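The data blocks that follow each hold one structure.
In the two assemblies presented below, chain A is common to both, partnered first by chain B and then by chain C.
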Partner chain A sequence: MIRMILTRLISSFFTLTILITIVFFMAHATPGGPAFSILGQKATPQAVEQLNQKLGLTASLWRQYVMWFWHLLHGQLGYSYLLNRPVRQLVGDCMVNTLALYASAMLFSVTLAIAIGLIQGITWGRWPANLIRLLELCFYAMPTFFVGTLMILYLSVKWRIFPTGGISSVRISDPGLLDYMRHLVLPVVTVALLGTASLSYYFGASVHEELGKDYVRTALAKGLTFRAVLFRHVLRNALRPLVTMVGLAFPYIFAGSVMVETVFNYPGLGYLLWRSALSQDYPVISAIVLLIGCLTVLGNLFADIVNGLLDPRERYE
Partner chain B sequence: MNDGSVLRLNNVSVALRRGRGDMVPLLDQICLTVNQGEMTALVGESGSGKTLTSSAIIRLLPRNARVSGQIWLGNTDLLRLPHGEMRKIRGRDIGMVFQNPLAALNPSVRVGAQIREAYRLHTGESDHAAWVRACELFDEVGIANAKKRLGDYPHQFSGGMRQRAMIAMALACSPKLLIADEPTSGLDAILTRQILSLLTRLRHEFRMGVLFITHDLSIVQKYADQVHVLYAGRSVEWGSSEAFFNAPRHPYSRALLGALPGPGQIRLTAISGALPDPEAMPLGCRFAPRCAYHKAECDWCYPKIDNKGTTSVACGRVEDIVSVHPPKGMPSPQYFRSANDGAVILKIEGLGVDYRLPARGILTALTGGKNSIRVLDDIDLTLRYGECLGIVGESGSGKSTLGRAILQMVPYDGSVIVDGIAFGRMTRSRRKMMRRRIQVVFQDPRESLNPRMRIGDIVAEPLRLAGEREYREQVRRLLDRVGLHARILDKFPHAISGGQAQRVAIARALAAKPAVIVLDEPTSSLDVSTQAALLNLLKDLGHQDGLSYILISHDVAAISYIADTIAVLRSGRLIEVGATAALLAVPGAEYTRQLLAASFLYGKKGTVQLAVAPNSGSMGIPS
Partner chain C sequence: MSGTTTPSFRPIGGRVRRAIFSGVAESLGERGTLTAGTVLATLVVSFCLLGPIFCRASPYAIHVGDAYYPPSSQFFLGTDQIGRDELARLIAGGYTTLAVSIPAAILAFIVGTVFGFSAGLGPIWLDKVLMRVLDAVLALPALILLIFFASLLTPSSFQLILLLGLTSWPGLARLVRNEAIAQRGRDFVHASRQCGGGTFHIAWTHLLPVIAPVLVFNGTFLVGDQILALSALSFLGLGIQPPEASWGGLLQAGLNLVVVDPWWMIVPAGVMIFLSIAATNLIGQGILTRSEEAV
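So, the complex of A and B:
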């Protein structure tokens, strides 16, 4: 197990290096540049030249790359061109928000998906499962921005239960905690709905599949109740595809976060990535991509470790 | 009910509801008895309803099923029990052993825990007591080093051991009745024999009744006390095993026995046709459409049950049949062909195959540490024109790997020489050409036919590859040669039966005009009666058309029926090679002797007693 984790970590180091290299060159290859974003479209060529010199963008691309990588190895992510703040601080702040949003959304989705999936798996082929399937399809097909906008329209604007957004004005200190959570509700529900819809369908299908296997018949023939068979034998085996899905969901979460965070004006990584990409704020883009890469690798590793714990056959390979 | 019976089924019928439609009757009025300390064999081909019977007994039928009749376990009618009571019976009074123990055991729970669970559930004992019991059970079923093995997972056991563990689990609460549902299918001959002996010992020891469900009549004779033959959901013949094997009375039983392959048989009885569709069962006798003794009244009269003879039979024409064709022993004349001195078509010299293990770490991979197992070593074989070479061995002996090496599908050392040219010395393009000279037929015919192609196109493909234009007529001829009607041309593989699919695979192999065909377990996924027809076909293709082929199988009986030469393989080495007759008569190696002893459980060695049903073609059909 430990050998597997070490091997995986070493190989992911190479994966990540390739990833950020590609992103670095792609970001620099796009026309325009940060100077225009900072100085505006009508900036004089002299002013642009001057700023580029100041930012160190006049050196050859390779040299910039080597410098950047060298700083990275020393834990320095540089400064944002646009906001003039250390990238580490900027990304760190946003990551806390994003993690709060997605960790709670994930927790909700997985718990709900297991409950719904069990019902769906047990009643497969009959009306409760069919009804669940229909709902899952509806929510799965609904775009995030549409769900988010609907919720803002009804729950915030019309009935005034939850705030429309603006979590950035709230601090996570003791008196503000409740308020912070109130701000979280709508974005979390929006993300969780989509997550639940896809996870519960896959989990339901795998519960159904496991229930059809021979060992279930063996367990029933021993005299176990159906409930005991379900929780002692089936659940553990059925969870494996779900764990893999959750592990793989990490990158999609960040891809999807751009949308949700924009709708709710939520200062997370997705929102930051979107803005940095528009203004070609190279250091920030690279840092976020690196972070997403790391989380993806860790997510997959996590899935493999949990699957190894669930299934002894995975451990010996 | 103190007649010594443990289980008595009285007119048990099961019907399934299909969608919203009608009830489809699947089991019809089954009466069956299992006595204390005895074994009753429930025999039938796939679709006969034997597994449904066992599910009905422990009441684990699908939810759309309806059962009627009585199932007496001692003095309780299981069908009248409330659910809670029935659950207590399962595992405590009735133990179950299923086919394919790898699937039947939970892969992610330790074997010991699965056995303890069964014991604690019904006895309420402590975990430690359950552990002691599990150790005891492992000793009982012959698993050495019980304490350690209990902590293993199912995938760490070998096939035979898994089935022993499964039996241990079923025995946990010392049940009165053990239901073994195809416990030996998928195991090789020697393991099958071991498991059957184990079951026999256990039932004597614990005075336990055993209901043994199987499709394989050949393994039943030695071990069962009673035999009960099912066909299409109905009992066709039942009685003591001795009487049944001495003189089977029902046409179906006789045909089944005639379909069992063995050495020195001239022809196997193939049963024509297929099982009736459950939704359109014949009104009268269900076997009537395939019966050689069929008469008009059979079509509409419920078959009369005849209790007067040695066995009970559900057939109105028993008297006529017995008088027309008394069962007789088949002579085994100088049937085997003498050693063929035709031209050598395939020669294998010093062939060896290494299986590379996946690298265990980066370091070992870089330093090139020794990471391979030799799965085949020093194999020398010769195949002559028009000959059939049979390769037998238990699972894991390397017989399939040998087939793949001959087909150039795995890297090997040594040489494979076809038509006098060694594969190793060929240029790449020439090798590609020569590969066509060796064709293959796999075990699972459906898996090996492309589901999106029509049968006609599948057979035509090798012809088209060879650049032939006018292949339509040839495809027809090929299908005709393997005994298929041209109607099948436009069908897709899912629409034809397993036996037909295997014939298509053979036709496809023939289409490439090969020098040699390698058949890897071609009949082991088929029912007995279908298998017989296919073996007959292979025999004809060899003897009449001069086809040379290699038949790989774990089934010694099937191989001895058609092979001219038999090679015995064990752990990657050739144990013995010899002409079939000689090898069967005087096996040289101890291992061969064991294998033969385990394989011919039915009939006497060499001369298998046969009841020849008249539909084998040469004899007339009685009016």
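So, the complex of A and C:
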């Protein structure tokens, strides 16, 4: 198990290095540059030159790359050009918000997916399962930003149940936890609905598959109730593929949450990525890309470890 | 890792999609799925291409007095915040979306196939290098890469085609590579090699027809992916630039005005995106089921 984790970590390190190299050079090779974003399009060449000197952008590309990588190895992510704050602090703040959004959405959608998947698996081939499948299909093909916009249109503008966006009310000087939670509801539900659509079908299919297996018949034959078989045996086995999916879904749901964060003006990582991409704030972009890459790798690793715990056979592969 | 035994088109997208849509194929049957998809696709495409014949209004003409007008007999889907006909903009936006997404899908298709064959049939070191590059690209969701690159360029339509095409091939490339590796030990490949057939010849004449079904349904899925990606980018203001219309852009305009409840600026554009994605997925799944049944 430990050997497997180590090999995976080392190969992930190489993958991430390649990724971050590509991103670094692409960002620096494009015309324009951060000087224009900071000084405006009408900046004089002298001012641009001066600022570039100050930001260290006049050094050769390789030198910048080596420097940046060296700092990265020492845990330093540099300063945002535009916001004049340490990237680590900036990313850290947004990371907390994204994690809050993301963790609640994952929790919500996995719980929902298990409940829906169970119903679907049990009623497989009859109308409840078919109805659920139709809904799953609709939500799967529905773009996140459309769902988010509809939520705002109906739940906040028309029926005024939830705020339209942001993370806390501006009018309240000291927004409490309740206010934050109220702002979280719509983004969380939007992210979760799409996650649920994908996960529940997958889970339902594996429940259906497990129910047809010999051990279920044996268990029922020896007198166990259906409920006991379902929760003690089937659930455990059907959960395995779901865990893999959740691990793999990590970065994809994150990508979806970029759109959600933009729709709801929610100050998370995706929102930060979007803002800094618009102003070519290289240090911030590189840091976020690296971070998402790491999350992907960790998501995969997480899936493998949990699978190893659920099924001992996995540990020796 | 569990689950790697079933080759998937994409780490998660593919597996979930196959799961959901194979369920649809189960209920509708192969023919039903294909028919449903084709009907939807025909509707969407003819709306975009034939729309201008029925809706003569210009998508750019500004009706000053009629700004922000709900649907009526004069403006079938209402007008936007500066008085442009929403229906005309929906049609024009659809045309632009298709004109960018389909070439982008074709580009991704070609790059992915060539890359996959190079990795699968080339020397082992090339395979190793290419697969590492592939892993690196796949470590990031395509949308993140797209946002990143699109923001560097503020792309034109042509650049958008390149951008979308060049960020969405890795899934297909991995699939083609796996297929090529699975097929390269077959007798007919050895026979061709004995007769002096080069690698390119083998790939083109012998392997391509064998893996054609896999390519075709993944190519169909690619179109849907491109429509979604392009709409997302335009929604973020990084894709098709105003005043040119696009479905994502229309949605964005609706969202900006959301406080005054402009449902006619939001719902039609979203439904069009939804329908086109559903259509391509149904067709792809239909083809997949048909090829599986044929085997």
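Annotations for the structure displayed:
Note that the second predicted complex is superposed on the first by the 309 of 317 C-alpha atoms of A that agree within 3 Å, B and C clash if a C-alpha of one lies under 4 Å from a C-alpha of the other, contacts with A are read in each partner's own complex, and residues count from 1 in each chain.
To be clear about the criterion, contacts are C-beta pairs under 8 Å (C-beta built on N, C-alpha and C of every residue); 3 or more make two chains touch, one makes a residue touch a chain.
Computed from a predicted structure; not experimentally measured.
Legend: residue contacts after superposition of the two complexes on their common chain; A:L153 is shown touching chain C, with no touch to chain B. Contacts of A:S80 after superposition: neither chain B nor chain C is touched. Of the two partner chains, chain C is the only one touched by A:L19; chain B is not.
Look at A:S104: by the touch rule set out above, it reaches neither chain B nor chain C. Touch criterion met: A:R3 reaches chain B, while chain C stays clear of it.
In the superposition on chain A, contact is made by A:R236 with chain B only, not with chain C.
In the superposition on chain A, contact is made by A:T225 with chain B only, not with chain C. More residues of chain A are touched by C (comparison of chain B with chain C).
In the superposed model, A:D214 makes contact with chain B only, not with chain C. Common to the chain B and chain C contact sets on chain A are residues 311.
Chain B meets chain A in the complex at residues 58, 60, 87-92, 94, 96, 98, 100, 103-109, 117-118, 121-122, 153, 155, 166, 169, 361-362.
Residue ranges of chain A in contact with chain C, taken from their complex: 14-16, 18-19, 22-23, 26-27, 30, 32, 130, 133, 136-138, 140-146, 149-150, 152-153, 157-158, 164, 197-199, 201-202, 205, 240-241, 244-245, 248-249, 251-252, 254-255, 258-259, 262-263, 273-274, 277-278, 280, 285, 289, 292-293, 296-297, 300, 303-304, 307, 311, 314, 317. Interface of chain A with chain B (complex): residues 3, 7, 10, 213-215, 217-225, 232-233, 236-237, 310-313.
The part of chain C that touches chain A in the complex is made up of residues 1-3, 11-13, 15-17, 19-21, 23-24, 27, 132-133, 135-137, 139-144, 147-149, 151-153, 228, 231-232, 235-236, 238, 248, 251, 254-255, 258-259, 261, 263, 266-267, 270, 273-274, 277-278, 281.
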